[in-house]
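In the two complexes that follow, chain A is the common piece, with chain B as its partner first and chain C second.
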Partner chain A sequence: MSTSPLLKGTLQTIILKLLEDNDQMYGYEITQKVKELTAGEMKLTEGALYPALHKLEADGLLETFNEIVDNRVRKYYRLTEQGGQEVTSKLQEAQAFIEQLQAVLNLKPQAL
Partner chain B sequence: MKVTHEDQEYLRSLLWLNVKYQETYNEVYDHVLTAIEEQPDTNVSKPQAFDAIINSDFGGIGTLAQLEAERAKIVSSNIRKKQWQYQLSYFKLPLLLFTVLLAGSMYYAADAISRKTILIIVLSVGFSPTIIVALRGMIRFFNRKHQKPSIKDKVIEQIGCLSMSLFNLFIFLPPLFVSDDNYMFFKQAHASLIAVTALFFFIYSLSFIRVYRDEFKMQLAS
Partner chain C sequence: MILTTKETHWVKDRLNWYDIPFQEIYDEIADHILTGIEELRKEGNLQDIKIVYQQVVDEHFGGFMGIEKLAKEQEKAYKKNIGRLIWQNFKAMFTWQTFGFLTIMFIVGFYLPPVKIVAAILFGGLAILSFYLWFYAHWLTRNNRIQKGKRSLSDVFISKQGYVPIVVLNSIINLPNLYNFLFNGEDYQYKLVAVHPAAMTTVFAFTLIYCLACIRSCEHEFKSSRTA
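This part shows the complex of A and B:
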C-alpha cells in the first residue's frame, strides 16, 4: 500500500491505536511498528507522520517527553487521558467506515 | 551500521544549517541516527547514507523547512488560542468579579492619584511580558549557546513583545509626532478610558503569564 492517500484519513487513528497498545513510542519506532504489523506493505513517510503527531499533540490527545538515549535527545509520545478516550471513538468511526465501504464497493473479506 | 563521532558531527552540521527550530533538529537527528544504526554495514559512505534516509523518509533536506513551518503554525495557533481563552475567562465568572473590581479601582485611582503613578503602574504591567521574554532569552543565550530556539520560545516572544508594541503605538509614539502637549494620553484622557486601557494591559499580561506557565511548566512561588 505504501503511502497511499487512503492512509492519510486513518493516520491519526493508527497512531492513537499504536500508542494505546504500546504506552509510549518515538517517531521512528512508530514507522517501524506499522511496517512490521503490515509485513512491509504499509509505509508511513515521516513527512506525513510528524505533522500528524504534532497535530495530535496540539489537540491535547498526545503528550511528549524527552529522554537522553545514546547522548541524543529522543522525543517520546504517549496518550493523554483525552487521547485515551478518543481512541475508542476513532476505532468505531474506522470500523463503521470500513463496513460502509464494503457495502458500497461490494467487497468481500479475503479467505485466509 | 556503526556511527562514529565524525559521522554524528557531519549530521549535526547538516541539520544545523538546514533546520530552524530545536524540536525539529532533535527529532530528525534522532530519527536519522536510529535508522542508520539499524541498517546493515555497506560500502556506502555515511554522508550518502544520511542523505538517502533524509530523502526517503522526509522527502529531502529542503522539505524539512515545510515540516517546520507546518509545526510552527500548529503550535502558534494553539498557544494564541489558549491565550485568547484565558483573556475571555476574565469576562466570565468567577474572574469577572476580579475584572470589575480592577476596572473600578483603576477608574477611582485615575482621579484620586497622580496620572504619573498610573502611567508607571500600567507601563510596568504592560511591559512585564516583554521583560519575562527578555529574561528567558538571556538565560537561554548563556545556558545553551549551541541550541536553536524552540517554536514555543518564538511564539511566546511574539506574544510577549506585542504588549510592548501596543503600548508604544498608542501611548509613547503619538506625542513624538504632535507638537506641544496636544497628546498626552495619561494626563488628558477621561478616567474611564484610563480604566479600560489599564484593564486591557492587566488582562493581556495576566493571560500571558498563565500561558507561559502552561507552556514551560513553571510554577509561581506561592
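This part shows the complex of A and C:
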C-alpha cells in the first residue's frame, strides 16, 4: 500500500492508537512500527508523519519531551489526557467508516 | 549498531547544508536519519556512510528537497501551535479578578493628569514589560543546546508572537503623544497629552495580562523542549 492516499484520512487514528499501545514513541519508531505491523505493506512517509504529529500536538492531543540518546536529542511523543479520550472515538469512527465502505463497495472481510 | 563519532559528525555536518534554521527541527530530522542509518547497519549494510546516508534520505524523505520542505512545514506548524497556546492562555486569564483589575486600571486612568510625565511613565512600563518577556524567553532556553548559526523555535516564536504585538499595539497608542512631543514645540511638557491616560492604563492592563499569558506559554514550551 505504501503511501496510499487512503492512508491520509486514517493517519491520525493510527498514530493515536500506536501511542495508546506504546505509551511514548519517536518519529522513526512510529514509521517502523507501522511497517512491522503491516508486514511492510504500509509505509509512512516522513513528509506525512511529522506534519500529522505536529497537528495532533497543536490540537492538544499529544505532548512532547526530549531525551538524550546516544549523545543526540530525541523527541518523544505521548498522548495527553485529551488525546487518550480521543483514541476511542477515533477508533469507533474508523470502524464505522470501514463497515460503511464494505457495504458500499460490497466487500467481504477475508476469512483468516 | 551505534555509529562512530566520526560518522555521526559527518551526518550532522551534512545536514547543515540544508536550510534548517531551527535547532529543534534539525535535532528531530538528524535523529531520524541517524536511527535509519543505524538500522541499515544492523541489517548488514556496511557501505560507506555517504551512501547509506543518501539511501535513508531518499527513502524516508524523498531526497534533500523533502527535508527542506518538511523543515518549512514543521516551522509553520510550530508557529501555529505557539499562537494557539498563547491565545488559550490569554483567554484563560480572563477571570472576574482580571476584569476587576481592568476596571480599576480604567478608573485610575481618569484620575491621572493627562500630562507628559504620566504618558512617559506608562510607556516606560510597557517597554519594561516587552523587554521582560524577551529576556524571560531567552533565560528559560539558556541551557538548550543550540548550534552556532541555529536558533531555538520556542525562543524565536514566543518572542515574536509575544513582544512584537505588544510593541506594535503600544506604538500605535503612543504615536499621537510622540507626534505632539516632536512637532508641538518646546512647551509640550505643559500641554495635554493626545491620548487620554484612561486609554493608556487600560492598554497597559491588557498588555500585562497578555504578557502573563506569554510567560505561561514560555514555561509550557520550555517544559516540552528541555532534555531529560
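The rule is short, and it goes like this: the second predicted complex is superposed on the first by the 112 of 112 C-alpha atoms of A that agree within 3 Å, B and C clash if a C-alpha of one lies under 4 Å from a C-alpha of the other, contacts with A are read in each partner's own complex, and residues count from 1 in each chain.
Operating definition for what follows: a contact is a pair of C-beta atoms (placed from the backbone, for glycine too) under 8 Å apart; a residue touches a chain by one contact, two chains touch by 3 or more.
Note that the coordinates shown come from a computational prediction; the quantities given were computed from them, not determined experimentally.
Contact with both chain B and chain C is seen for A:Tyr50 once the two complexes are overlaid on the shared chain. Judged by the touch definition given at the top, the superposed model places A:Glu63 against chain C, while chain B stays out of reach.
In the superposed model, A:Lys75 makes contact with both chain B and chain C.
When the two complexes are superposed, the chain touching more residues of chain A, out of chain B and chain C, is C. When both complexes are overlaid on chain A, the residue A:Lys17 reaches neither chain B nor chain C. Residue overlap on chain A between its contacts with chain B in one complex and with chain C in the other: 26-28, 31, 45-47, 50-51, 54-55, 58, 66, 69-70, 72-75. Across the complex, chain A meets chain B through its residues 26-28, 31, 45-47, 50-51, 54-55, 58, 66, 69-70, 72-75. Within the complex formed with chain C, the residues of chain A that make contact are 26-28, 31-32, 45-47, 50-51, 54-55, 57-58, 63-75.
The part of chain C that touches chain A in the complex is made up of residues 2, 8, 24, 27-28, 30-32, 34-36, 39, 60-62, 66, 69-70, 73-74, 77-78, 80-81, 84, 145, 223-228. If you check the complex, the residues on chain B that touch chain A are 23, 26-27, 29-31, 33-35, 57-59, 63, 67, 70-71, 74-75, 77-78.
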